[in-house]
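In the two complexes that follow, chain A is the common piece, with chain B as its partner first and chain C second.
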Partner chain A sequence: MAAALFYIFAAITLVGAIGVVMAKHIVHAAVQLLVALLGMAGLYFLLDAEFLAAAQLVIYVGGTLVLIIFGVMLTSHLGTRLMRVGPGETAIAVLTGLGLLAAIVTAIIHTRFPTPPPSVEPDVTRRLGVSLLGDYLVPFEIASVLMLAVMIGAAYLARRRPKDAA
Partner chain B sequence: MSLLLATLDRPAPVLQILLGRDPALWVTLAWDVMLVMGVFLGLVSVIGFIAIWGERKVAGRIQHRHGPNRVGPVGLLQSLADGIKLASKEDLLPGRADAVLFYIAPYLAFAPVFTAFLALPFGPDFVFDRTLSVSLLWVLAILGVEVIGVILAGWSSNNKWSIYGAMREACQLISYEIPLGLSMLVVVLAVGTLDLLKLSEMQSHGLQHWLVFRQPFTAAAALVFFIASLASNKRAPFDLPESDSELVAGYHTEYSGLRFSLFYLAEYNAMFVMSGVMAVLFLGSWADPFGLIAHGYAKAIAGGQRWTPLLWNVAAAGVFTFKCAVLMFIQMWVRWTLPRPRIDQVLHACVKVMVPASLALLLGSAVWELVVAHGSMTERITQTVLAAAGVALVVATLVLIISAFIQGRQNQQRLGGPWPAGGA
Partner chain C sequence: MTVGLPHYLVLAAMLFAAGIITVLTRRHAIGILMGIELMLNAANLNLVAFNRFSAVGKLDGQVFALFVIVIAAAEAAVALAIFLNFYNNFATVDVDQGNELKG
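The block that comes next holds the complex of A and B.
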């Protein structure tokens, strides 16, 4: 049953993900992304990673997706224009895709199957918090600093320039 | 991936791959799904039915009208009449609208609210998913999906008012999600769990254990949470996404018939879910102020009785629903009393007032938990004082309401108002 549910959620995720790539319109792509994210959340639930599933929905659906659609609505020309992909972008996309594929294939080759079943911790959220602020404090802080830098950069780009005010 | 390869390793009949080794599990799953559909569709419809009638009745009384009073006793069947009217209306699609998104948006707004009921604890056993350890986060996450439905509805309508409504919804929501989450975090930090069931059990032994009285900071956080939940449910004074004086009806301007009614059902049920979360987080969940239900339930379980625990669960569900109803009444009361601010004022209030305030509360709560030991004299005194203050506040409000009511009746008699004294 878990296997069948896995296939169902994996299919949902794949349909959504392919839809994101194929969609010509950015809002349609955003909706397909929602489908893919819901499928991913289902997969996380199957793996007993409830916190990850819920957190993913909060961050990506409640935050990122809303921001994408909000950005489209703010910039009206994006809302009507269809996306076109140039040859340069295609090349970059193919290279990135091949790199990711190589990484995933390497990971599959180096994993010894069948993997041991995931241990179900009774209080996994607590352990997650403790390890984020304990063993993995430095990566966590680096990620925070990175996000702060991005935020300052965005604010800098969006600031009112002297000539705008005139 | 591991599952995929595992099944490829061992060739098995197709049916076994599809159904797994224990086909009976699918029967259980189908039964669960049907149970959820039956119970929750019923629940969602009844809540929508009564809440919409209640809203119109409250609005009427606040504006010195009767409200609906023609269909059924005291107008109770008004929602049914409205539903029949809506169902018989034409399902319109605006010209050059994005048809697919326009058609799925109402479902995208409604289905998540429906799903959020999975995690609400109506009683010690009356909760669908007992194993969900992050139920608080789950409710927050699933209500985030509802927002997408609302924004898409506004965007796909090809209507400038709808787009303005959707834009307001988006920026209001991502702003107010921060104080909402932070005020939840104040409580989570104090008690150390995201499980709505555990939060309920923790508060079930009497008024002074309710989390709103645990610290001065949780009491303030309850206020922040309530304001932020108004904003996240698009309730007045934060109803800018559909502000009817400027935007016709905002994001659902172009909707008619049953799709329109889905938005309404979603709104009122989101109100109920948010009230439920507030009840669980701050107001003792399904527990009565004296801890009678928890006591009776524990005794019935210990005694091995068969039906008494069920009765205690029903009582708990009654208390929980009553708390939600009171909170929903307050939301309606606020809506028909306060004027609507401008969108810049709404955002100003969030970013410059509520976010810093909730951050300060979080910090204060953390320090409090470090300084004041659990079970110490200071904690008990604080809880008692806060609980007494809370009770005094409720009593004072009730006295004010009743005296205003009596005053109104007297004025009415003195002036010979147009309404018969015992009106509906």
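The block that comes next holds the complex of A and C.
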């Protein structure tokens, strides 16, 4: 059952990822990215990371992706002009990606991973909260300062300047 | 056949390769950002899978993944602000056009 679910979610994720690579139009790529992110959320559920799956859905699918689609809409009166590199560069890029994939897969095949008995861990979310406000308190606070800086910085960068500034 | 750690790692490697190819083949700035999101997700999948299969009783990998998600959102916000600015100045989001500093 779990194996079947893994293959289903993995297929969804891979279809989305390959769709992002192949999509002609940038809006289609955004929709394929949505599919890939949904598949990732399913995989997090399978890995007993319920909170992370929910966070993936809320932050990535609900936040980042909406932001990306807004960006596409605000910057495209360009029509459907294809913005890709030439065929030679595409070949180099594909070779680079596939070579990297082959190297990583070879390394994974030749590594013997420890296999402890997979245990079902109770109340992951509560322990996640405790460790965020315990062991990881300093990174947590730094992240909140980062969010403030990002909020101010993004508003500053994206504001509309008066024309005479240029 | 049971699904173990190597399955997740191979899937993450495929996602990472897809992200690399997306970044290298697109000239649309937002397309490049999508490739980066794919690569960050691949790294996240690795973190969570290792946490599940080889760190029994600990949640460090999930905490790391949570921070990666947060920082990816922050990065996307700043990147899109920069793209809007770029678009206002150059009327395009083709990264090849941003060569003002080229000597």
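Note that in this section the second predicted complex is superposed on the first by the 121 of 166 C-alpha atoms of A that agree within 3 Å, B and C clash if a C-alpha of one lies under 4 Å from a C-alpha of the other, contacts with A are read in each partner's own complex, and residues count from 1 in each chain.
What we mean here is this: a contact is a pair of C-beta atoms (placed from the backbone, for glycine too) under 8 Å apart; a residue touches a chain by one contact, two chains touch by 3 or more.
Computed from a prediction, not measured in an experiment: that's the story for all the values here.
**Student:** Between chain B (first) and chain C (second), which does A:Val35 come into contact with in this model arrangement: first, second, both, or neither?
**Tutor:** The answer is neither, since A:Val35 touches no partner chain.
**Student:** A:Arg84 contacts which: chain B (first), chain C (second), both, neither?
**Tutor:** second
**Student:** Where does A:Ile108 make contact in the superposed view: on chain B (first), on chain C (second), on both, or on neither?
**Tutor:** After superposing on A, A:Ile108 lies in contact with both chain B and chain C.
**Student:** Report for A:Ala54: first if it touches chain B alone, second if chain C alone, otherwise both or neither.
**Tutor:** The answer is first: A:Ala54 touches chain B but not chain C.
**Student:** Check whether chain B or chain C contacts more residues of chain A in the superposed model.
**Tutor:** The partner that reaches more residues of chain A in the superposed model: C.
**Student:** Contact-wise, after the overlay, does A:Asp123 reach chain B, chain C, both or neither (first, second, both, neither)?
**Tutor:** The answer is first: A:Asp123 touches chain B but not chain C.
**Student:** Does the superposition put A:Gly62 against chain B (first), chain C (second), both, or neither?
**Tutor:** A:Gly62 sits against chain B, while chain C stays out of touch.
**Student:** Which partner does A:Tyr44 reach: the first (chain B), the second (chain C), both, or neither?
**Tutor:** A:Tyr44 sits against chain C, while chain B stays out of touch.
**Student:** Answer with first, second, both or neither: which of chain B and chain C does A:Val15 touch in the superposed model?
**Tutor:** The answer is neither, since A:Val15 touches no partner chain.
**Student:** Where on chain A do the contacts with chain B and the contacts with chain C coincide?
**Tutor:** Correct list for chain A: 2-3, 6, 51, 55-56, 63, 67, 70, 72, 74, 108, 113-115, 124.
**Student:** Quick check on the complex: what are the chain A residues that touch chain C?
**Tutor:** Going by the criterion above, the answer is residues 2-3, 6-7, 10, 13-14, 17-18, 20-21, 26, 29-30, 33, 36-37, 40, 43-44, 47-49, 51-52, 55-56, 59-60, 63-64, 67-68, 70-72, 74-76, 78, 83-85, 89-90, 92-94, 96-98, 100-101, 104-105, 108-109, 113-116, 118-119, 121, 124, 127-128, 131-132, 136, 139, 143, 146-147, 150-151, 153-158, 160-161.
**Student:** Report the residues of chain C in contact with chain A in the complex, numbered from low to high.
**Tutor:** 1-11, 13-22, 24-28, 30-31, 33-35, 37-38, 41, 44-45, 48-49, 51-54, 56-57, 59-60, 62-63, 65-67, 69-74, 76-78, 80-85, 87-88, 92-94
**Student:** Quick one: in the complex, what on chain A touches chain B?
**Tutor:** 1-4, 6, 27-28, 31, 34, 38, 50-51, 53-58, 61-63, 65-67, 69-70, 72-74, 79, 108, 111, 113-115, 122-126
**Student:** Give every residue of chain B touching chain A within the complex, in rising order.
**Tutor:** Spelled out, the residues of chain B in touch with chain A are 1-7, 9, 17-20, 22, 25-26, 29, 98, 100-101, 104, 132-134, 137-138, 140-145, 147-148, 151-152, 155-156, 163, 166-167, 170-171, 173-174, 177, 192, 194.
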